[in-house]
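Here chain A shows up in two complexes: once beside chain B, once beside chain C.
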Partner chain A sequence: MSFWFWHGLKKGVRSTHYPREFESAAGVSPGRPVATEFDSAAEAVVAAANCPADAIVARGSAAEVKLERCIYCQHCHYGNSHLLEWHSDYEWTMAVPGRGKYQPLPTAYHRSLHVIVVDAGDCGACLHEVKQLNNPLYNMHRLGIFLTATPRAADVLLVVGPVSENMRVPLLKTYEAMPAPKRILAVGACAINGGVFGRTFMSAGGVASVLPVDLLVPGDPPPPLAILHGLLAVTGRKSPVLQAASSEGNS
Partner chain B sequence: MIDPWIGGALALFFILCACGVVLTAATRGVYPLRALLVFSSACSVLMMFASAAALASGHSFAIDLWSLEGWGRFSIRLDMLSAIFLFAAGLVYLPASLFVRNLVEVRFRGRYPMRRYGVLHFALMASVVLILVANDAPLFLISWECMSVLCYFLVNYEQSARTDIRAGYIMLVMSEAGFLAALVAFLILGRGTPDWSFSSLAGMAQHLSGSAVWGVFLLGFLGFGVKAGLVPVNFWLPRSYTAAPAVFVPVFAGVTLNLGFYGILRLDAQLMSNHSVGTGLFALVTGSITALVGILYATTENDLKKMLAHSSIENAGIIVAAVGASLVFHASGHAVAAAIALTAALYHMVNHSVYKTLLFQGVGEVEAATGTREMDRLGGLARLLPGLSVVFLVGCLSISAIPPFNGFVSEWLTLQCLLRSAVLLSSAVKVLFALCGACLALTAALAVTCFVKVYAMSFLGIRRGDWRHGPGQAGRTQFPLAYLAVACLLLGILPTYVIPVLNRAVEPLAGASAAASLVPPFFSATPENQQLPPAFVDDFHNLGAQTGRHVLPGRGLVVLVRGSEKNPVVFAMSTSYSFVALAIFLLVTWFVATRGSRQRSVTRHELWAGGIPRLLPEMTYTATGFSNPVRVVFQAIFRPNIVEDSRETVAVHFRTAILRRRDETHFVDRLLFHPVGEAVGWLARLLAGMHHGRLNAYVAYTLAFLLIILVLFRLS
Partner chain C sequence: MTAMGSSQLTPLQRIELEAVAAAVQAQFGSGISVERGSRGVALAIRLNEANVLAALSKALFWDIGCSFGGLIVEELSDRWRLSYLFLASGSGWIEVVLEVPAAVQAVPSISAEVHAADWFERETEDLFGLRFEGHPRLGDFILHDQIWPEGVAPHRKPQRRSVNVHQMHFRRRPNPDWRPLLVVQDPGSFAMPVGPVYEGGIGESLHFMLETVGEDVLRAVPRLFYKFRAVEKIAEGQQVSDVLLLAERFAATSSFAHSLAFSLAVERICALEVPKRAANLRVLLAELERLRHHAGAITGICESTALAVAASQAAIIEERLLRASCEFAGHRYLFGLNTPGGLRRDFVSRDFENLTGAVDRAVEDLHVLEDRLHFTSSFLDRLEDVGVVDPSKARDLNLVGPVGRASGRGHDLRRECPYGGYDGYTFETPREAEGDGYARLRVLFQEGYASAGLIHQAVERMEPGPVAAPCDSFVAGAALGWAEAPIGSALHWIRLDGSGVVERYRAITASFNNWLGFHAAVEDFAFQDFPIILATFGLSATECDR
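This part shows the complex of A and B:
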């Protein structure tokens, strides 16, 4: 005789209260580097040179961050010198530059959003984080967000991975098979601009090169709450907080 | 008054048959086929006319033919039971005759002599009618033997494969064994009879002892059961149906199968009216097992023709189960319940003839158009043969007992009869009835699975095989198929007009009228009618049971059985009204969907197939895959013998392909015939020890045998 039901009741609600309350438990987010003011312009250049992904740009004595390029190597966080400040939040969904203001889905989708996830050559990290949304802690169903296996029932196309050549046609077919209105959410640095894979003969270098992306969730991989923020931003219940640099995301 | 008409029609029928034989045999070129078409259609119309006249007048037609020394007097008699079977045969023979042209032109032209086929066709037709109208045992048995032999010739007509010839032999052997069993049954029944007419045989049956009744019943049941396709004597059926030419199979399934039921009803229900509960239960249990085994093998079979053959076995099981239920009710004194069960059996028999003929003809067309019968290789036929796909769908819906088509009415009645076992006294019998009812319910459910598979895998989806296809090969005349599809629908939506006709045959057998209790006269209800009190009529009037009373003839459109005060309605249904309701509902839905809403926008995209670049036929759901759950669930019955045949490997442990062969021995063969065969072989090997070839020893055997005989005679 197992008392799992009773144990469950005794433990009470363990799910996060995000977005009603800010979730501050340890480890929910790796944080993100933010623009930091250095003593001199030379130090800012060194800080920018420390970044292998060209995510840090020196402007005067300040080092600015292009989060969509960040691969979370954390050189600027745990390195020896010229470290950047880190924010420990997770609401960093970005609108795509050059596409105007993001038009959220109608209010009917606020509490009923069906998501199809396409693994377009992902290494597994982003997919793993997406999977966490189903677990009791994040529990996206409480927000009316559901995963679906068929594009015919989907409203959001959530893409992870840099769009490998083998997944390009299936991705296009999935998008075509979705009924309007539909939105595309690119999750992870690879889906935004190819990430560590970049643009090669086998990698399209981001979703934006094959489909019109609506919102970006940077991170490599982004934590579950960041993805959840992205999904809420798709419906318009949250708004994208950052703006990507105009040279990125719309190539 | 009606006698000359019936007699004239029958005489004309035999004359036309003779003309048909002569003309097809004597002419050449296109004329044998034309003679076949014209004379065969005329003959089937005459069959329907004679039987319809007899049924409409309610008057049996009887005539003595001639006397033969030692054989007694030959006489023919078209009574109501014969008339029902004759009508069903005519109903099926008409499209089957017309259908000959569709296929003969494709398959037989230049390959086989049409003349021989025509001769066999007309001879079979005449012998079938003779069986049905024979009024004495010799004529009946002689025609039966003719029919068996002619069937053998027709099955072996094409001889396209070696297995076909073997199938023909197996069929011939089984038919002869069945014939002998029936012959012995008649001989036991007629011991010491003055003449061999059915009426005097029925008189003799009254004096039979209990064990003789059992003996005659079993011999007749198994003997005729061979043609009807009952377990355990049906293993010839799927083989020979597959071997038989496509033009003959509809006749095979629609006409000669029924002769088995005719024999069982004639001998075991009519002649032996003093049967016990036990014999009825035997028929019921055999029927239920037959039905279940038949549909199990039908569901897992991928060859269209073989699948339909197994499905024929299933339907035969349902019919015989209903006959068995009727015998049990009759033996325990519930005449009305017996009448209803027998009505269900006859109804199902007619229905099965109609839709099975339709389906077999459809399969014939499919084979002519594509050159294959494998469901795994078909698919997407709806686009190639749109007309055929519609009528085939009607056939599939009918056979899987979906209202408003005809299969529903008879299967529903059969199941309701089995549920009425509550009136029986013995609880053991009730338990058996419940088990058989469960068996038949499972059968009905599997039948739906089976025919969903058949239609979906061959007509829907995408084209799987690389068929040869020439224009005009098939689908030139859809008339025979459309005719049968309409018959399916009419038999389904007008049960209240069909039941009174069947009742004419049922009443003398069961001793009660089924129509009086099954079809209450709602249209002519009067307050004086004691059987139908006004309060009851009022209740049903509010439900709409009297709708159309001033327009339509007949008793009503509701099939209903009334019970006691506590439970006023035992069961009730009306496919007629539900058909009208369904039609209105569909029309309204269509209207609303197309006209009602204006803000619809339809965008069409290509089929969603999981995002794969190109959907290959091999990737789609196959017939094997669809029926695999059934195969797995009932593995205890199928007991497949799976052998890993060959494997292709790149290196020792790197396999690229494995070919698995799956061998199945039929359930009945495995349980019954193989052990018997092994036992006989063992006995023969044992005796073979005596045959060592030494002459002296053989002389010694003879001497010893002689001595034993002498001693025995001396002692006795």
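This part shows the complex of A and C:
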């Protein structure tokens, strides 16, 4: 039907200018809680106790945030006393502590990065946000990032979900089928440490307990631009900005 | 788009509880005792002997015309409690309760009479080790046979997380000799495996064996539960507030509906009165979620037919609704809003103006998209007469949600069994008779428009007041909560002890119901139609797997 072509053209270019410019449209990101100074140490302890995911740590009179543990329950955002400040950005990819400085893929990958996505027990939100990167508003193809159909052609393994027991073997097989050099990106709180599902007989409690993760994208779910930031960090076009707490991994 | 076959639709009939009670009393006499239900259940039928179960289920489902809701199994201290839920249209839930001593290892199966109970019985057998006599195929369901040995029953009580579960912990090696069950045995037939890691784009983890003799696929039964995370088991022993986080996060594309059903169940146990403002806000948020979900489902259908421009435009509508949700409520998937007693935050009139502006724009764009799709014959050719589930099959397999409504079913809990704040709202529940991919697409569009209408009504009805009743103390007990999630009915059953610790949590989801009926749509079809049928069903694997 020829009219589709015409209607498509008429809509014009809708894509964001990120990473060239900061995208500031309302609602592109839920933001994130950040370290907040309280009047006393006791108040910081109260603020930390609000968090059901142990993502807030009281240190003196400040409440510090381990974003990689945050499940976006919003308990420190509204509906409680001792709330934290929130920043409305989305560049929060983290390097994995204890694995040294992250080695980005060589520059040859800058404009040709092939990603395979494995859903290892995700709730649907992270997967859905990865899917949004393909819509015209984000359009990751313009940055040379492509989803690939086969692990044989993939450079990055993007994993969402806490690694359910039934998905563990398919995940390992996918990783083994990928050629080197390869990187693993754990997207979402569940992929980082199991999130609300934790470590049980059916959940490995994060990708790190079965595979060597390279970069973490916290969030529950991380918005599309945060995932895009993670993919740009894989090739070194952006650098991981936050440092994960040293105890992270598979607790 | 007009409903061509609307004349074939059978009118919906209200089922009166008194009539049900009289009918089953007359037929089963002393085999059962009928009493008024409580805490979400309208009528409770207790079985005095197990052997009338199948006949009673058959009478309720086929003779009286109830829908099947699901099976809730509880392992109480000295006995099994099996509760079969049936929905009497317009009157509420009927619970058939079978209690047997803890030592019993097998109960009668009802799958031969009520086909929709098939997967519920397989699930119970896998997780609790309770056998169903007469069921033709138990085993290899949730615990995949290539990794799990037979005889493991992880949902049994003594095997609590801390005690036993780590003994069964992962890192067992899969059995290399395991082979999937194939039914088509013609010479020259073969099976094409699809999934669980998709060869193309992004898909949820599930697996199909497309059994084929060449061009046409004869049979494609989904193999699910790759994403099983034992949500119901890990909820046990946790506080209500922690289980709420789980209920919200096991299926994020309908997270508000699930947290709503969960909250309603807790409110029933604790007899909490939800303030009027909270009830209206819940309607607004639930309908916002439905509109966004349906925009996403429409995107999926356009993508599956490779109509790239339409898919892009639908995706823009969806992304704008996600942004509007985030701007309004602080989270793109509406996490962190529901709480037993109401909502965790309030909104100001400026928020409502922004939201209704975004919703109106989305509806306008959806109308434009629908009109254009209606004139795209190459698109319609791929949807019409594809993946047909006729009304009698939909009734047989108890399809719910938009998929059921596209096959003539009137199953909509907002109307049949009102909950939350839906009393007094006026809205249409679209129904179609064809049951093909195109009918499902039409239903999605119509429901989207109806949701936008409900959002406007909710804003008009908004009255000042508190948004939550305080929920400080808990009482021991169990209750059922339900909500019409975007994909269909969601039922949450919770048993609490007096301190607010969850003893049993059961989530029955629409996807579980509809995946069971999916095979009816994929019998004898062409290879290239498979993604289209999958997209028009729009089912979620994570909601099914839990």
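Operating definition for what follows: the second predicted complex is superposed on the first by the 238 of 251 C-alpha atoms of A that agree within 3 Å, B and C clash if a C-alpha of one lies under 4 Å from a C-alpha of the other, contacts with A are read in each partner's own complex, and residues count from 1 in each chain.
In this section, a contact is a pair of C-beta atoms (placed from the backbone, for glycine too) under 8 Å apart; a residue touches a chain by one contact, two chains touch by 3 or more.
Because the structure is predicted, anything quoted here is derived from the model rather than measured.
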| item | value |
| --- | --- |
| Chain B versus chain C as contact partner of A:K131, first or second or both or neither | second |
| First (chain B), second (chain C), both or neither touched by A:V196 | second |
| Partner chain in contact with A:V46 - chain B first, chain C second, else both or neither | neither |
| Which of chain B and chain C A:T174 touches, first, second, both or neither | both |
| Partner chain in contact with A:R152 - chain B first, chain C second, else both or neither | first |
| Most chain A residues touched (candidates chain B, chain C) | C |
| First (chain B), second (chain C), both or neither touched by A:G79 | second |
| Footprint overlap on chain A, comparing chain B with chain C | 118, 150-151, 169-171, 174 |
| Contact set on chain C toward chain A in their complex | 144, 147, 154, 161, 165-166, 168-171, 174, 196-205, 225-231, 233-234, 241-242, 245-246, 249-253, 255, 296, 307, 309-310, 312-313, 315-316, 318-319, 322-327, 330-333, 335-337, 339, 344-345, 372, 375-379, 540, 542-543, 545 |
| Contacting residues of chain A [partner chain C, same complex] | 1, 3-5, 7-8, 11, 14, 25-30, 52, 71-75, 77-79, 116-125, 127-132, 134-138, 147, 149-151, 161-162, 164-171, 174, 195-198, 200-204, 220-221, 223 |
| Chain A-facing residues of chain B, complex | 603, 605-606, 608, 610-613 |
| Complex contact set, residues of chain A against chain B | 118, 150-152, 169-171, 173-174, 176-177, 179 |
